[in-house]
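Alright, structures below, take your time with them.
The two complexes that follow have chain A in common; it is paired with chain B in the first and with chain C in the second.
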Partner chain A sequence: MTTAAIETPPAKCWPEDGITRVPAWIYSDPDIYAREMQTFHYGKTWNFVGLDCEVPEPGSFKRSWVGERPVIMVRDHDGTINVVENRCAHRGSLICWETRGKARDLSCPYHHWSYDLKGNLMGLPFLRGAQGKGGMPRGFDKSQHGLTRLRVAVRGGTVWATYSEDTLSFEEYTGPEILERLDRLVSRRPLRLVGYSRQMVKSNWKLYWENSRDPYHATLMHPFLSTFGILRTDGDYHSVPLEGGKHEYTYSQFDPELRNRTSEASQQIKSISNDLKIQDTEVVTSVIDEFNDGMMGAFQLFPTVLVQQYFNCLVVRHMIPKGPGAHELAWTYFGYADDDEKMRELRLKQSNLVGPAGFVSLEDSEVLSLMQPVVESRPDSQQVLEMGGHGTGAQSTMMTETLIRAFYEFYRREMKL
Partner chain B sequence: MTDWTRVADEGDVTEGEPFPTEIDGVEIALYRMEGDILAMGDICTHEHVRLSTGWFEDGRIECPLHQSCFEVRTGKCVPGGPAWQDVPVYAVKIKDGEIYVKASS
Partner chain C sequence: MTKATASRAEIRDFYDDCAAVLDAEDLAAFPAFFTQDCLYRVISRENHDDGLDHAPIHCRGKAMIIDRVTSTREVALYQPRSLRHFISGVRILSDDGDEIRSSANFLIIESLVEQEPQILMVGRYLDRIVREEGELRFRERSCVYDNYHIRTTLVIPA
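Let's look at the complex of A and B:
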């Protein structure tokens, strides 16, 4: 019998050309997705859950997610921060429905089982039944029915959680370079919450993960960047994969002269349209070099966040997977407790740069949402990653896909693909 | 102001059985214990529920909802449950076989 070749599902086998190719089935295959969650988010990784300034007092809580699982980050009566699953140990109801708030304990709305802020089951209604009837068996042991509690790491003002007992210490997990960059932003001064944006992106989480490792597209797809001299192909730029491709960082020295210069490279880029105008130029011109290093950049801490500094806008992009074809982006903008009025206003103003409608980020989620059905329609197709060669080393250019190749080197190793 | 209120006959309150009642809308419960009649606030300090519907044993009332325990003689909250505040107790006197409680504790 001759069955048509086109009906054969693509073999789940990585293309022969290695990391210069990415097979499109990894963006839609449910088995791959399930394995990613087990291997990464529920495995030996540290996942971002929030900032300590979001839970300022004992009893303050915030809902968050680890992979697809809802969790609660809560400050205990003694000031430590706990992360527990937002899933009742009785029959699995969502316990906490509010985004943020304050509580003495955690109580499930379904049958009112009540837990302390560590997730220990303290009591349940009608344990002894009513009028001598019903109730729990005598041997029911409350201590065996608490909420699932995650291991927590606090670094500066950031809070991380892991399901695995075997995850390395947070510092070993990040490695020294990421730790240094994280500390630069979150450990020197107490943090202040500036605000949130949230959006659903109808694409596989890896498309966004790649996107923030892709400086090649930045000046091409985001005309705002090149027009206002934030990032240009003729500026200083470094793309640095870390820890075997697991993390990465990119940075540039901010050059205030750049926007007055027209170089050969910038003239070649079609998307630099010089008739773009901005009403309030403070968004791009007013920069306080608050770290005294003239540096601007971002880094990825696998598998959940891109932490970014755009001038004086500081933001965590939290990628929360929602099935193979969707993810949520939760943007948390922060500053410092001792920011003065001027800085507060500047951070607010510059927060317009990023977010769902950000001047330099709105194109990303749009392109990726339109891309998802395309990759789903051709699971047998392949992405080409040859910008900057075939390697995975650090490169001092934006014209490279080295960070994405490095990621897939890591990914294949972990996923055994 | 001596606001003793008659709440029950002495025979109404039996050993081992809480007796719920109220004074001007304030829920209280009477207990007979070691020969005494005791009066205690009847609302749990965790959530709003009548304690007298719970489990009374060894001088303690256990809340029916989440098992916080209170000493009925003192109103003291026993650590270990979700409640952390005591409930009020009230003075009791017996005259001519009738029970009076002083509502302002």
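Let's look at the complex of A and C:
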């Protein structure tokens, strides 16, 4: 018997039809989930932690997560950004309780062990005991009991962390296409934090991950898009898997004339009702083409984020797994330090489009939270992914599941499934 | 002494009337509670206290409230639900005869199919209220929710 056979018992074998099928047990199996965390989030990947503008000054910190593990992103006295686990090296207490703040050092509330902003253990109370009794053994070496520190990569205004010494450089990890798209949004001008939305979604993280790779559903389940001509199946649209399916991007060239046209494709969508009019059209129009390319789109940087530009609304959707059946979405909205008053208001207005109450995103969490128990009730069932054929290449259409197939090609390779 | 814009009892009635419209899912009646140039938003306490402007629902002007109502009624897809608002601690913070600043606590319970009722949101209303043609209207309403995160989805305004 081979080792592979032991690791993958028959019930957990991928269906024979390959990536055009996805077995439902991967959305609920606790072993699979644990392996995903080890392979991906705690493995050779770059995880989104935050934006540099969230920690503007030395001592500024922000809580974040890598996989399920709480971490602290903190700006050091020399201006560099460190990421350490938010877990005391003594007995594992949560050190930092505030979401965001400023501190001179990191001190644990439990027994007051204190660490510098790099996570080095500086001191602990009663090291030599009290009245000659107790205290730590003479040989106790403080340098061996610091906070677990992650490797950090900063690209433009974004901060990333990895547990592995073997992770590729950030630039190699993303590849040139993602890097270009990331730079377009975060590297040309200093960033400004607009604010957060946080959302708990009771579904496996992959259901949401797939959802962002699924343009097929976009105009159907989000009728707002087609009703107001933001995205139409007859418009320009590109679905591009990258780096062997690990990342992807989708984008379209915005066409303000679209709403006035009725085509055969748009007639197929029952959800279009052309008599609906939006009163404040600034919410659904590219009022200012700030990147001078008439483009809008989104990209996934595996395994944590979808970075999205909807007209002038800029947002990082951070997917934080919370067990096999839940994940949290931390939406970080940003703009640029030199935004004028008009642009600030525009970003706020257009942020009605995406988020927990977003005109074009609220359906996602509704559907996925209802889908999770159904999927759990039939772990033996399979998803069918044949839209746009069986391949994993880039396609210039929304009517394709190529991005999901490409993801599962990558996933199977990494998970050895 | 300047003439007061409204009494505490009137403000309480105004809050209850607005909540009744939402509880009844009579969303079409919701925009009428606002002035033309209003600001209506549902914002987390985290953002509000930190001076961050982002709000999951941010309507600058009545037109945007009407758009949100239209989109919720005609376009959005969501599970059937019942909402109940519980408002308490209505207070007038100031009244200069032209505009009232007032606040109240709110608790919104959401009931979904196959689930126990749950707390959708708990927080504070921070309002600026004026009188137009004899009727009270919100010039500004910030629904500041204490919840760390929104459970699944925020569909109906708070």
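Going forward, the second predicted complex is superposed on the first by the 400 of 417 C-alpha atoms of A that agree within 3 Å, B and C clash if a C-alpha of one lies under 4 Å from a C-alpha of the other, contacts with A are read in each partner's own complex, and residues count from 1 in each chain.
Criterion: contacts are C-beta pairs under 8 Å (C-beta built on N, C-alpha and C of every residue); 3 or more make two chains touch, one makes a residue touch a chain.
Just so we're clear, the structure is a prediction, and the values are computed from it rather than from any experiment.
After superposition on the shared chain, chain A has more residues touched by C, the comparison being chain B against chain C. Of the two partner chains, chain C is the only one that A:L362 touches; chain B does not reach it. In the superposition on chain A, A:T39 makes contact with neither chain B nor chain C. Within the superposed three-chain model, A:R128 lies in touch with chain B and out of touch with chain C [touch as defined at top]. In the overlay built on the shared chain, the residue A:L276 is in contact with chain C alone; chain B does not reach it. Contact with chain C, but none with chain B, is seen for A:G195 once the two complexes are overlaid on the shared chain.
Once the two complexes are overlaid on the shared chain, A:D105 sits against chain B while remaining clear of chain C. Using the contact criterion defined above for the overlaid structures, shared-chain residue A:N120 touches neither chain B nor chain C, since it reaches no partner.
Chain contact summary for the complex, chain A toward chain C: residues 99-100, 193-202, 221-224, 227, 271, 273, 276, 278-280, 283, 328, 333, 344-345, 348-349, 351-352, 355-359, 362-363, 365-367, 369-370. Partner chain A is touched in their complex by these residues of chain B: 46-47, 53, 55, 62-68, 80-82, 84. Taken in their complex, chain A has these residues touching chain B: 104-105, 107, 112, 114, 116, 122-128, 130. Residues 42, 44, 46-47, 50, 52-61, 63-64, 66-68, 70-71, 74-79, 148-155 of chain C touch chain A in their complex.
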